[in-house]
Every structure is written in C-alpha cells, then in structure tokens.
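Some structures are shown below for you to check.
Both complexes shown next keep chain A, but they swap its partner, so chain B is in the first and chain C is in the second.
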Partner chain A sequence: MTTQRFARALPDIFQYVFLGIAAFLSIFPFIWMLIGATNKNNDIIQGRLSIGSSLQDNIASFLTKVDLPLVMWNSIKIAIIGTAITMLVSSLAGYGFEMFRSKWRERIYSAILLTLMVPFAALMIPLFKMMGWGGLINTHTAVILPGIASAFIIFYFRQASKAFPTELRDAAKMDGLKEWQIFFYIYVPVMRSTYAAAFVIVFMLNWNNYLWPLIVLQSNETKTITLVISSLASSYTPNFGEVMIGVILATLPTLFVFFVMQRQFVQGMLGSVK
Partner chain B sequence: MADVRLTDIRKRFGALEIIKGVDLSIKTGEFVVFVGPSGCGKSTLLRMIAGLEDITSGELTIGGAVMNDVDPSKRGIAMVFQSYALYPHMTVRENMGFALKFAGMERQEIDRRVNDAARILELGPLMDRKPKALSGGQRQRVAIGRAIVRNPDVFLFDEPLSNLDAELRVHMRVEIAKLHKALKSTVIYVTHDQVEAMTLADKIVVLRAGIVEQVGAPLDLYDDPANTFVAGFIGSPRMNFLKARVVAAEAGYVTVALANQPHVKLSLPLRSSTAKAGDEVSLGVRPEHFFPAGQGDADLVLDVDVAEHLGNTSYVYANVSADERIIVEHEEFRGARNRDRLTVGLSTAKSFLFDSSGMRIR
Partner chain C sequence: METARPGGLKRYYDVNEWLFVGPALALIALFMLYPIAYSLYLSAFSGKGMMVKFAGFGNIIRLTKDPVFITALTNTITFFVIQVPIMITLALILASLLNNPRLKFSGFFRTAIFLPCVSSLVAYSVLFKSMFALDGVVNSALETIGIISEPISWFTEPFWAKTLIIIALTWRWTGYNMIFYLAALQNIDRSIYEAARIDGVPAWARFVYITVPMLKPVILFTTVISTIGTIQLFDEVYNLSAEGKGGPADSTLTLSLYIYNLTFRYMPSFGYAATVSYVIVVLVALLSLLQFYVARERR
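For the complex of A and B:
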C-alpha cells in the first residue's frame, strides 16, 4: 500500500525537486546580492552567506563615488524615452504590416525579421560611425536611436495584431475615423495589455543596455547606472559591497515596472484582446 | 430620399473577379436581403455599398448622389456587423455616442439621441456597462443602437444574427422587423439564412458567384424561381430535382417521364417553347408539394430511407432509385417507417420544369 502510494507520488516528487532546483538557481543570485550588500569586501570575496553589518558603510562609500541622482536620471531618461519611442514606432509598424495588404508586405517583413539574425557586434562599428557623422557621440540620443525600430517588437506587435478584430477597424471607419485615429483611439486602448507586456520587455532592455552605451557614452555626466556599476567592478581594487549596492539600486526600477504591470503583462503575453 | 442604385458594379482582387456586374435598384424604405451561399459575394457587395471595399468599376448612388469615392462616414449609412464590433474599452453609452462625438455634435444632442435609441431598444439599465459584461443579444441591441443614433438613410446589416442561439435569433429577427416598421429606413441585410430572408425582406436578391440570379419578393421567389439555383436555395428543405425526359412536345405543352420511373408521366404547360422530345430536363417538386397516393396527377413509388415525425408534419428521406434521393413532407406520412415502400402523389400545378442548363421552362 505504502509502496503504491510512493509510486504514484514519484512524478510529483521529481517535479517539485526539479522546480525547486530551478527556483534556487534563479533566486540565489538575488539573495547573494542582498547579503553581499551587508558585508565587507573581504567577506564577499570569501563567499560569506550570512547577513553582515556593513550595509551603511557600503551605501556611504557608494554615494561618495557615484553621483546617484545623475546616473539614475540618465538611466531613467534613456529607458522611458527609448521605451516610449520604440513602442510607438514598432507598434505602428506591426499594425501596418498586419492591416495593409500589399504584394511587398511579406518581403519587407521577412527582411526586417532577417535583421534579428545579425549580431549586434557586427553593427557596432557602422553604428558608431553613423553617430559620429551625426555628431551624436556622447549623447543619450545616440543610445536611444538604434533601438527604436526593434525587429523583435515589430514582430511581437504584428503577431498580437492578428487578434485585433478587423471589424473594429471597419466600424471605426464607418464612424468617420481616419487610419491614424483608428490607431490611437481604438487599436491602442484595445491592445493595452499587449502594450503593457511590450513596455516591460523594452524597458528592461533599455534599462539593462550595457554594450552600446559603453561605446557611445564617454563622459561621466552622460553615463547610466549599468556603466557605473561596471566601472566600480572593474577598478584596480573593486569594493564588491559598493557594487552590490549599485546592483540593488539598478534592479529596483525594473522590479517596480514588472510588479506594477504584472497582470497586464501576463494578459499581453497570452495575446488577450478583450 | 434614400434609394440605392447599383449600376454594373464590379469588384476584382487582382485577376479574380468577385462581383461580376451587379445592377440593382433599392427604393427608399425598402427592406432588401442579399442571400446566397458562402463565397457568393454578398458581404463584399454590402461592404462596397458601405465604402469598406473599393468599387473596381460601375456606379453606386445613394439618394441620387454618386458614392463610389465618398468616405464611409459621409454616405448617410450605418452598419451592424456580424461580430457586433463594439469598442471593448468603451461603455454602452460611449459606444453609441462615439460616432456623433467624433462628428463634433453637441453634447445635449448626443445624449438625446443615445437616450432615445436606448429607450427604443430597452438598453436603459445597461448604458454604463462595458460590452464584455453583456450577453450576445444585448450586444446585438447595442450594435443596432449605435447604428440608430446616426439617423442614417440606409442601414446595412452583415449577418447580424448568425452569432446568436436559435431562440434569440427568432426574437431579434422580430425586433429588427419591428424596428424597420418604426424607423421606415432603407435596409440592406446580408444573410445566408433563408428563413431570415423570407421573413424580413420586402425584396430578396439571390446571389451566386458574384452574379444576381434573381430579384423579387420572398413569395415570388418561392412560387416563381427563375432557375434551379434559386429554386433550390429558397425553401426549406430544399426543392427536389427529379431527372426526367421530354416524351412529347406540343404547342405550349410538354409531357415528361421520370428517368428513374418512366411510368410516371406529367403533362406541363411551357413558358418557352424550346423543349422538344428527347430533351433531358429536371422536374422540380418542393418537399411540401407531395401528396398522399392518388391525390395528385401521378403516383411515385419511393423506398423510405429515414422517416422523421415531428408531430405537426413528417419528413421522409426516400430513394426514387439507387442514385436519386428526395425529401417529402406531409402530415399524412406519419405512418411511414424506415425501409417501408411509400407511394406519393405528384401534382402538375405544383411542379416546376427546368432545362438541362438549369433555366426554368415551366
């Protein structure tokens, strides 16, 4: 009897063990980050996993080295403006690709999707040259511009637009709306969960963007939080306590955005149009 | 004046012609129903009238004005869609008033029109709900209300009842008929449901493959179909077509014998005198136009396949021969059992005759 019950429970046991390991691997870096922020540099290096008493010291030390309001402002500015423009441009493109019939439509769309296969490393130098010609090196515009027509987000919006009822567009035309009005007055509100999901994704991509800002942002006044953390970690004698404080501060806005939009994010990922 | 006139209207998608030259005249206040099987172009034709599809060639006039290139919102029309097409982020009130607000109408006038429509359609308690909180029938009423508030010259309905269950469909059908009587507007209504067409229409337009097969009042189409397509499409269950051959042709009269039961002969008056002896023809008999044996002009022997007895009437699915199956309907066939042999009467007066191309000759 007991053996039978055990045999029946075995798949569940495996499932929980597997999920437990996966959860641990996901959460451990966060826990380590939080514990690290309370410990001295040496303790962190030695792998201490208990809470220490150096939190205030680490914060003070971090704030003396980093102009926190400035770097946070830089990051928030780039993330918000970049996300807003990316969403507008890419959702317009996704809407257009789905709504307008043309014999060139699928060819152009395929060409855009093909750009997903090109690694960013191959684009860095031409992009840098372009920004140089435009006099945009060391400006936030240079960080934002290359990402606004995101092939992935265009793809995402086109796929989501397939669930947008075409009769709503027809009804809006009968009500006298022009195409751009249909987009802003009908499509955007109806697809709000899709926008919420896209917002979370694009915001995180912009916020965590490291390589491209590292190339185009050269003065301390323009640097973002990711660049500052990197420079703290790569100094001659890094203080990992400060680094942990920086990482926690860098994580907070993305967590905030995710939790605020969690419900809409899940609906958007499921493709809900209600 | 809201008469609608279509003159040689055509629609092409690339090389494919969907609407192949439609001529139609709809009078002010008329309730016209477009019927036809899936893919016949009835919805495309409606969308062309609405302005949602371009007209490749031909001329559309509404109230005497050419509308080919006029914006949908400026044609004096309102449309009710199959899926209702209510804006999900707006309340019922906002949905109904949206077009008016967008046209720059004053707030008081919008409220007056919306409230009037809500009263007519009994939407009062639902006005502040979003569409997702409404049932199918309520959504349909809101969709109609949204059309009413615009006070259009012409209402367009695109299969408006096809998403409703059977009971609600009957209810809404009656509501639409009452509404038309009250508003006296011109209505163009698309459906594939011939019961809707027969009960609602002043005039039915039967379409097949982008061509108008016949236009007429519902009972005229039932009594006087122009060809086998219309004869088969109007009437439920559909008309039976029995293979037959002309055995004698005289002035104005023809005698036909059934191909599968040659002893069954009927003499029928002709519409046109083109038929001659030996021609293959189809004898059209509606299921409800069979009679008990001996009560018609000739008797036909059938092998019953399935008999359905509904109380008020009976449907008998039977074989004339191995490859010819028909349906007969009569209250007196309630004794018929599966695999029985049944003799039924055929009446000359209730039979139609079609030539080999499907055109009616009697």
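For the complex of A and C:
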C-alpha cells in the first residue's frame, strides 16, 4: 500500500525537483551578484559563496573609476526621454491605424510590420554615418532617435486599441471634441494600463540598450551604466568586486520595475501574441 | 473596408488622420527604410577609410573567399541550430509543469524562472564571466557533484566557449519563452487533459500529442523571434570573450560582432561590412519564410 502510494507520488516528486533546480539556477546569478559585491576579486573568481567584508572597498574603488552621478543621470535621461517619446509617437500611430482605416493605411501598416524583420546589424553602419553627417555622434539624441518609431510598439498599441470602446469616441465627437482632444483627454486615460505595460517594455529596452550606444557614445562623459560595466569587465585584469557594484546598479531599476509592475510586465510581453 | 467618412468634413479628417500616423511614418522612413537602402548602396563599394571605389558584386565574391566570414557564419548558425531547440523544449516542459492546477508554489516557480529576463544582456554576461572562471563557482560545483574531474577552461577552449554562450542564452531566454506558452496553455480547455488522463494516456504522451500540437502557432512565433534574435547575437559574445573579440580563435565570433569589428575596430570598410549585414537580412528573411511555410504545410 505504502509503496503503491509512493509510486504514484513519484512523478510529483520529480516535478518538484525539476522545477526546484530550474528555479535555483534562474535565481542563483542574482544571489551571486549580491554576494560578489561583498567579496574581493580573488575570492569572486575562486567561487567564494559566503558574504565577505569588502563591500565598502568595492564601492570605493568603483567610485574612483566611475563618475556615478553622471553615469546614472545619462542612463536615466536616455531611458525616460526615449521611453516617453516612443510611447507618444507609437501610441498616436497605433490609434491612427486602428481608428481611421483606409486601403492605403492598411498597406502601409503591413509594410511597417515587415520592418520587424529588419535586423539592427543591417542598420548600424548607415545610421552611424547619418549621425556623423548630423553632427550627433557622442550625443544622447543619437541614442534615442532611431528607437522612437518602433514597429513592435505601434503594433502593440493598435492591438490594444481594438478594446477601446468606439461609443466613447462617437459620444466625444457628438460633443464637438476634436480628434486630438479625444486622443489626449479620453483615449490616454482610458488606456492607462496599456500605457503602463508599454512603459515597462520600452523602459527596459532603453535602459539595457547596448550595441547602438556602444557605437555612438565614445566619450566617458556621455556613457551609460551598461557601457561602464562592459568596459570595467573587459579590461585585462577586471576587478570583479567593482564590476558587481556596477551590475547591481544596472539591474536594480529593472528589478524594481518588474516587482512593482509584474502584471503589466507580463501583459506587455504577451501583447504581441493576442 | 471602411473607406468613406460621413459628412462634408472628409477632407479635414483625412489630413487629421495622417497627422496621427505621420510622425511614426516619417521616423521609420528616416531611420529604417533609408538606412536599409543606403546599406545596399554601400555594399557595392570596396576599400577602407577614404580610399573607396565602386566594386559591383566584388564584395559578394570577397565573402566567399573570406575565412573569417565563413567562421562567423558557421558560428552564428551553430548557435541557433543548437540553442533554439534546447531552449524551446525546456520552456515547453516548464510551462506544462507549471500549468498543472494542483502544483504548489507555482507562483514562486514562475516568477523565479522568469526572473532572468529582467537582467540586462551586458549585466548577465559579466556575471557569467565571473561565475565561469577557471577556479570559479561553476567549476567547483561541477567538481563537487562529480560531473567533471578537472576544471573546464570555459574561455580558452573553443568548444567550451561555444557551450558557455549556449548555456548563457538558455539561462536568459527560457523564462521569456515559457511565459508565452503559459499564456497559450491557459486557453486550452482543461477537459481535454482530464479526458486523456482518464483514458490512461501517460503524461509524456499528453505533452507530445496534446500540448505541442495545440501550441503550434505560439511555438512557431517564439521560434521565429528566438532565431532572429540569435542571428543578431552580439551583446553576449562581445562581453563574454576576452576584449570583446569573439575568441578564443574566433570560436564565438558572430556575424554582428564581425560587422562591428570590420566597421569600428579597424580601419572602417563600410562597403564590405554592409555586405555582411545583408547576409543577416537574407538569413532572417529566409528563416522566417521557411518556418511559416513548414507550419502551413502541416496544418
């Protein structure tokens, strides 16, 4: 009897073991990052798993190499401004494509969706040259500009706009509101959860952006936290204690956004398959 | 098709309507369509720096004779041919386990497995670089368990360097794909599974004959985006190889990294680099077409 019950429970136990290992492996690097920040470089590369006493030394040596307020300011500025403009432009377009349909606009919309397949690698050389002509190399404008009109976010807003009640728009028109007033005074407040989800996704993309800033931002005064970690870690003899401080600083904002807005986060990621 | 607008305000509305989509269209034209056309134009020129001359198809011929390009292409294809199936299978298994309504702590498991998606590509690459050091935490763990007897040299042996990239990619993206499958699984009627269970269909068969076919559209979608992502692989290989060069011995050099090297590390040869970038465009287009074709065929 007991062996039978055990045999029946066996697949269950296996499930938990499998999920437990997966969960552990997924979380471990985050724990490693926190432990590493308290250890010396030598201890980190020798895999020390206990909390050390070098946190202050690591922070101090990180601060001597990195102008932290400037770097964080650069990252935050790019992420916030980039995200705000992207959401405005893309939601206007998503609204426009959904509300006013015409044969031409549908064709253009399909063409926009095709651009989802264009890899960034194919754009980076021409974009770099264009930024050179515009005198924008080494500016944050150059980082933000190419990402603003995102086919993915336009698609996301158009899909979400299908849920926007047309009666609201008709009633507002009856009251004599102009189309832009309907958009800003009715659509935006009604669709705020859509905006929240889009914010999370676009903010993450901007905050974590790497290849394009690496190309365009060449002086230390303009660099973002992502670029700083990368250059600290790629030196001949990286001090991983310092690197960990940078990794924590780069990861905290996205972790925070994730835990505060988990529902919107997942909703935003799934936005494209609905 | 709804084309006509009511009332005499048609003209006014037409202008207004284009104003909504106008800014996005202008930006896409400027930062997407123009660059891709310009890139095609560039690919017809050869030479470095200021010494540039028209080459026609010369760059394409050069591609076939360039051993570094061949290596980068082979590496890129190796990465997605091996990594994408591993990750998709793992994500499917995890999603179907988590979809079990009687599973305890499913919220915890889901959040934990999804957590890697929150980390930036650079941050996690750097973390992995410290974890996979010769005497590092991963090697000592593997030695303790008894899987290996000597530490693996993850950064100097080509095979292990490639393996490390595959491990890293799988860590970062499995949870992301899993979330798509979980959402899709919730739309499948539970009673199908119950009926199969009552008929004595074992769990693996329910997975193979119910879950996988039902999720085919989502699996296709995630395979396409994962493949496109892997073809463009850059952040990880740049940050996990010494000095970002794609070593050891070019074993982790990808097409994107090669384009970067050609353009920004040495004397820029924009024309040739643009030609390599078109290889990525063609690869992405071909694979997307192929995957959609395969899915349509079986339907």
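Heads up, the rule we're going with is that the second predicted complex is superposed on the first by the 238 of 274 C-alpha atoms of A that agree within 3 Å, B and C clash if a C-alpha of one lies under 4 Å from a C-alpha of the other, contacts with A are read in each partner's own complex, and residues count from 1 in each chain.
Definition applied: a contact is a pair of C-beta atoms (placed from the backbone, for glycine too) under 8 Å apart; a residue touches a chain by one contact, two chains touch by 3 or more.
All values reported here derive from a predicted model rather than from experimental measurement.
**Student:** Would you sort A:Met174 into first (chain B), second (chain C), both or neither based on which partner it touches?
**Tutor:** Once the two structures are laid over each other on A, A:Met174 reaches chain B alone.
**Student:** Of the two partners chain B and chain C, indicate the one touching more residues belonging to chain A.
**Tutor:** Higher number of touched chain A residues: C.
**Student:** Could you say whether A:Phe240 touches chain B, chain C, both of them, or neither, answering first, second, both or neither?
**Tutor:** second
**Student:** Identify the partner contact of A:Trp73: answer first if only chain B is touched, second if only chain C is, both if each is, neither if none is.
**Tutor:** A:Trp73: touches no partner chain.
**Student:** A:Pro165 contacts which: chain B (first), chain C (second), both, neither?
**Tutor:** In the superposition, A:Pro165 contacts chain B only.
**Student:** Pick one for A:Pro126: touches chain B only (first), chain C only (second), both, or neither.
**Tutor:** After superposing on A, A:Pro126 lies in contact with chain C but is clear of chain B.
**Student:** In the overlay, answer first, second, both or neither for which of chain B and chain C A:Ala149 touches.
**Tutor:** After superposition on chain A, A:Ala149 lies in contact with chain C alone.
**Student:** After superposition on the shared chain, which partner residues are touched by A:Phe184: those of chain B (first), chain C (second), both, or neither?
**Tutor:** In the superposition, A:Phe184 contacts neither chain B nor chain C.
**Student:** Following superposition on chain A, which residues of chain A contact chain B and also contact chain C?
**Tutor:** 273
**Student:** Okay, in this complex, where on chain A does chain C touch?
**Tutor:** On the chain A side, the touching residues are 11, 15, 18-19, 22-23, 25-27, 29-30, 32-33, 36, 44-47, 49, 89-90, 92-93, 95-97, 99-103, 105-106, 108, 112, 115, 117-130, 145-146, 148-149, 151, 154, 178-180, 183, 204, 207-208, 210-211, 215, 226, 229-230, 233-234, 238, 240, 243-244, 247, 250-251, 254-255, 258, 262, 266, 269-270, 273.
**Student:** Which residues, counting only chain A, touch chain B once they are in their complex?
**Tutor:** 165, 167-168, 170-177, 186, 189-190, 192, 273-274
**Student:** Considering the complex alone, what residue numbers of chain B touch chain A?
**Tutor:** Listed in rising order, the residues are 47, 50-52, 71-74, 77-79, 81-83, 85-89, 98-99, 102-103, 132.
**Student:** Taking the touch rule as given, give the residues of chain C at its contact with chain A in the complex, in rising order.
**Tutor:** Against chain A, chain C makes touches at 1-3, 13, 16-21, 23-28, 31-36, 38-39, 42, 93-94, 97-98, 100, 103, 108-109, 111-124, 126-131, 133-141, 171, 175-176, 179-180, 183-184, 203, 218, 221, 228, 231-232, 234-235, 238-239, 242-244, 255-256, 259-260, 263-264, 270, 273-274, 277-278, 280-281, 284-285, 288.
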